[in-house]
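Structures for review follow.
Shared between the two complexes below is chain A, which pairs with chain B and chain C, respectively.
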Partner chain A sequence: MERFAIVGRFARNRGALVGALLILVVALAALLAPLFFPIDPLRIVGAPELWPGEDPAFPLGTDSLGRDMLAMIVHGARATLLIGLFASAVATVIGVSVGATAGYFGGWIDEGLMRAAELFQTIPNLIFVLTIVVILGSTLSNIVIAIGIVSWTSIARMTRAEFLALRDREFVQACRSMGMGDLKIIVAEILPNALPPVIVLSSLVVAGAILFESAVSFLGLGDPNVASWGRLVGDGRQLIRSSWYISAIPGVAIMITVLCLNLIGDGLNDALNPKLRDR
Partner chain B sequence: MANTVSRRVFGAGALATGLIGKTASSFAQGEPKRGGTLVATWGGGEPQACYVPAGGGSSPTFSSSKLFERLGRRSMEGAFEGELAEAWKPAADFKAYAIKIRKGVKFHDGKDMTVDDVIYSIDEIWKKYAAAAAMTDYVGGESPDSDTVIVKFSKPVPEFFFSSLLCGGVNYIVPKHVYAGSDPVTNAANNAPIATGPWKFKEWVRGSHFEYVKNDAYWRPGFPYMDRMIIRYVRDPAGRAAAFEAGDIHIGVFNPVAPPDIKRLTGTGKFVATPKGYEESVWSTSFECNTRNPIFAKREVRQAMFHAVDRSLIARTIYYGYARPGTSPIFSPNKEFYTADTYKTEFDPKKAAALLDTAGYPKKPDGKRFTVNLLAAGWFTENGKIGAIVKQGLEDVGIVVNLTVPDRPSSIKRIYTDYDFDLAISNQANPSEPVPATTQYYTSDGIKKGVPFRNASGFHTDEVDVLVEKIKVETDATKRKTLVVEFQKITTREASNLPLVEIESITVASIKVQNHSNDPNYLASTWYDIWLAS
Partner chain C sequence: MAGVIASSSRRVAALRLLRRRLFQAVPLMLGVVVINFILIHLAPGSFLELMTAENQVSDPATVELLRKAYGLADPIWLQLLKYIWALLHFDFGFSYRQNMPVIEAITINLPATLLLMISSIALALAVGVAAGVVASVKVRTFWDTLVSVAAMFFFAAPSFWLGIMMIVLFAVKLGWLPVGGMMTIGGAGGGVASVLDILAHLLLPTLALGLFYAAIYARVLRSSMLEVSQLDFVRTARAKGLSRNKVTLSHVLRNALLPVVTILGVQMGTVLAGSVVIESVFSWPGVGSLLFDSVSSRNYPVVLGIMVLGTLVVICANIAVDLVYMWLDPRIEIR
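Let's turn to the complex of A and B:
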């Protein structure tokens, strides 16, 4: 019953519903890309700079080298979503571990971890990502790690705040008096209660990660073996005055995806935040 | 497109050469207009210093060459002419050259240029920094009288080689009274140079521009025409195109705007684009095999790499026709030494596959032969796109390619220090004289770990080493050409490092700019005769 209530509250937010449906379409495209476009999307298949609709074989046209835009957009959805999800997972794992430890134990552990988090927060995020990618090398997994490393701080702070509020509650004290271990209390008792706002934040980190990846690829530091929306925008930049569609199409794809993820974040907030239940 | 550009430019070049040192009466635009400010830019960023004694790349060469001068220069027709020297001639055994120094040349601080400055420049700047690789046989210089310098070598030195040395690179005459007793690399004057050229340094606003003013005491009477020159740096090609259109920049050398914008700008009738002025500094995109990898130690495999890549596709799509397939390490604009009669590795995937089969790398059951790491140097965006085309070509013959496009410092480190690549896409810019600029990519003494733009493939044979030593000391021009032709035949057959394309560098200028693109390395010339029509 509670489950359905959550779905109902989520669906009450129309924007979130539209966002979720569009993301579903993107996810399906990503999943089925190899079925529709079995050959490497980075292969040159036609004349360069064919406008969308100019040749029925290439509904979205071709880029400056003659690669199929549609194939690259659809395959690009895979890279984009994968990077977004994994980077968010990395950030959430780091953020929750750090935040939970800091919030639960307090004292010098809290001090140390939060100063470390502040250290990360003082470095401009994009520059930090670029630095890590340049040092580690431009592969998909390194980009995921880099984005995860810069995105965990807000999650850590949120988790810590939740833990600070929950750690002295009666049910926690009851657990302690029963002799339950710290780890079990953190994982099994406090975390489930602290999780809803963290989930909302993680969904926003997915959107942020997609933007980071696009920026990295736009600047030519993405993985050149993978079709990526950001790199398409960057490649098309030279032709912005003549063949603007090369930049515009992937740009719109990025915009819609990020917008939808933000809408989903809003919906999740409505669904999971009990205080807003009767808004 | 390329044709219309060249025709227009040919006219401009012919007009300009008629003007040098003569009256301007033959010039269609009439009398040169005096005064005014020229704003120039180039297709790259701000330099690390205004003048870098070792060269330091195209950016400091561009900024310093308006202030400093060389002993000689090469005309568009290929003749060597005196600049700070009046003339030079070899001794009978070609082991010494006598240079007659121009009288009445003053540095920007008012001091006379003397033979001491010339000897200091050769001993301390050229030999140690600017032309170290070319001057290994240099013994010393002396001045028998106040206007002659004798330059001595331990081996015979061909005249073309010596003349190229006087006219090339950043082989400037620097003031001894400013540089003596200091470390030239860190001398503060490098950022506010004192030299002999037509333009005097006034100011460097970092992140924005250099301001140079007319040298009133310039030795060419009546020059320069203009009062001021601004070298402005704009980071982005699209930004440069906008600045051209707004009239904020008059001339840009070395591909200031993206190829599609060249068409757009010249289409307005207010701008010209020309490939002239790069004959002594032809850029190429090179493709090299790391012979330390046993797969690429086999010549057939190296040849197959080139047969598998469609070079004309690269020239057409990536450079929009502003490039042509390369056939030899000596580039086709090189009138002295280029030969078309070389070993050809034309686009032929079937031949590539056959060569790989005979080399002992047949297709495995999964259709693959082997896996390679392809590194495309990220300093030009074009290189990454070429990487995509090369990858596709190699995959079509059954080679699995892992492409990386690192940024500039990482690319230099991985190609030239760590040798961390199987195949690399890089760039070369070579003058007409093949020794050492071109030959050091193929000789064993060119293998210098950590020195960028040298022999990174690790390829070396006694045959090539001996041949290059002969080219170095052959003073008979005809015999020397025969040796260089032989060099081209061997290196194209060995295919360790060959140009994929020769890039046609482009200068874009407002139609108001007169007397430009009239030097075979225009980026690095003094621009003493440029003027702006109203």
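Let's turn to the complex of A and C:
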């Protein structure tokens, strides 16, 4: 029953609904990219610098080399979404592990882990990402891990707070008195109850990760084999005097995606905490 | 008399806070240094090989000198201790690219970055607070909607893209503002003209970096203003006969600002990191441009030095924010 109420509250939030629908479109485009645009999006298919609408074959125009912008955007959605999702997954795994350990055990373990979180919050995040990527190499997995490493602190704090609130509740004490081990209590008993607000935060971390990745790729440090949206903005930068649309279009794609993810996060937040609505 | 006692006890509290924060900064700095050290050792191939190859040092004597300088023959714990010892003396190594010590290369570029950071934070606070106040006072009107739509837009737009779009509009199409750099080369002959020239160059990068944070502050301030205005002391102030505007500005706003200040403190590192990207868009001659150059040329000592000094800047900024917090809310004992 409760679950339906949450879905209902989410669906009544118009912004969140629009966000969810648009993200669905982006995700479908990413999944079906090879179907719509079967040839390599980085292949030259037309005249260079065709403005959007100039040639009906290329609704979003072509770039400086004559590559189809629409094909690049659709294929770029795959890279951008995948990096965002995986980086958020890395951040969630780190954050939940750290937060659960700190909140459950407390004491000096808590103190030490929260100090570590503070450390990662203090280091200028993008500088850290760039440093990791430049030292360990611009591969997709390094970028994902680097973004995950700078994005886990908020998730850890949230998980810790939930664990602090739950660890002395009756059902946990009951498990303890039955002789259940700490790990089992953490994973099977407390975690499922602590998860909803953490999931909301993870969806917001996806948006943040997409912005991070776009900045890294924009600076030319992305994986050279992947044409993500950030890299497309960077590629168009030299031509802003003649053809500024080459930079503008992928930027709009990033903005819409991040905007929708934020709307979904807000909607989930409101749906899960109905008391906080209308703030 | 009472005022004197209050102010002197607050000064003592501020000094105590300062001491505690400086003490807490030690493990943070140590942590960054250890992370740096780990990164150096995770680098594929020898750090020294990479560095000498990139900087085209082939003279065996120089290579030997570097090997000694970096103590690569020592056991790993000794290397770490030596590394910490060197950093304690602000010895970040030598940058062949700039042909000067790393610390010098960074400090030359630091003022421009600090200028950009401070002006962006100032803009974000001014715009964010103004928008947040308007939205909360005119809640559920056209103005409220306008603020939240604008905030959503600027919260989602990548700053570098916003920067490029503003260059296209204000510099290329309209020709109102310069495309990039910090001052006109060979132009503006000193005095007021130079200051105005720098301000004109500063405007677009400040907007590109600051509007993202303005969006956050507007949203947070709106909700915290609405929350605070429900509290009892606000009703008391109104009952005392104070005007609505006076209550809003001096009672509600002052208290509602606290979460904004908290977020400002947490985000210092992000602001510094954001300026890296913006500097590269606007060719702003700061630490970000230096970092970008060093990253492209794999000039590791500079990259690592920027990370350590960047963290130091963030820690100092956080202490400043804590002091502001204390000034805003004397009740709060900061742990």
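Here, the second predicted complex is superposed on the first by the 271 of 279 C-alpha atoms of A that agree within 3 Å, B and C clash if a C-alpha of one lies under 4 Å from a C-alpha of the other, contacts with A are read in each partner's own complex, and residues count from 1 in each chain.
Keep in mind that, in the parts below, contacts are C-beta pairs under 8 Å (C-beta built on N, C-alpha and C of every residue); 3 or more make two chains touch, one makes a residue touch a chain.
Only a predicted model underlies this, so the values are computations on that prediction, with no experimental measurement involved.
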| item | value |
| --- | --- |
| Combined model on chain A where chain B meets chain C, clash or fit | clash |
| First, second, both or neither for A:A188, with chain B first and chain C second | neither |
| First, second, both or neither for A:A174, with chain B first and chain C second | neither |
| When both partners are placed on the shared chain, which of chain B and chain C touches more of chain A | C |
| Contacts of A:V25 with chain B and chain C, given as first, second, both or neither | neither |
| First, second, both or neither for A:G66, with chain B first and chain C second | first |
| Partner chain(s) touched by A:I240 [first = chain B, second = chain C, both, neither] | both |
| Which superposed partner A:L211 touches (first chain B, second chain C, both, neither) | second |
| Which superposed partner A:I127 touches (first chain B, second chain C, both, neither) | second |
| Which of chain B and chain C A:L221 touches, first, second, both or neither | both |
| Touching partner for A:A5 - first (chain B), second (chain C), both, neither | neither |
| Part of chain C, among the options 20-28, 182-190 or 218-226, whose backbone runs into chain B after overlay | 182-190 |
| Intersection of the chain A residues that touch chain B with those that touch chain C | 134, 137, 220-221, 237, 240-241 |
| Residue ranges of chain C in contact with chain A within the complex | 27-28, 31-32, 35, 39-40, 42-44, 152-153, 155-162, 164-165, 167-168, 172, 223, 226-227, 266, 269-270, 272-274, 276-277, 280-281, 291-292, 295-296, 298, 300, 303-304, 306-307, 310-311, 314-315, 318 |
| Complex interface listing, chain A residues touching chain C | 115-116, 118-119, 121-128, 130-132, 134-137, 207, 211, 214-215, 218-221, 230, 233, 237, 240-241, 244, 247-248, 251, 254-256, 258-259, 262-263, 279 |
| Chain A contact footprint on chain B (complex, rising order) | 237-238, 241, 258-261, 264, 313, 317-318, 376, 378, 381, 384-385, 387-389, 391-392, 395, 402-407, 410 |
| Chain A residues within the chain B interface of the complex | 40, 42-44, 48, 64-66, 134, 137-138, 220-221, 224-225, 235, 237-243 |
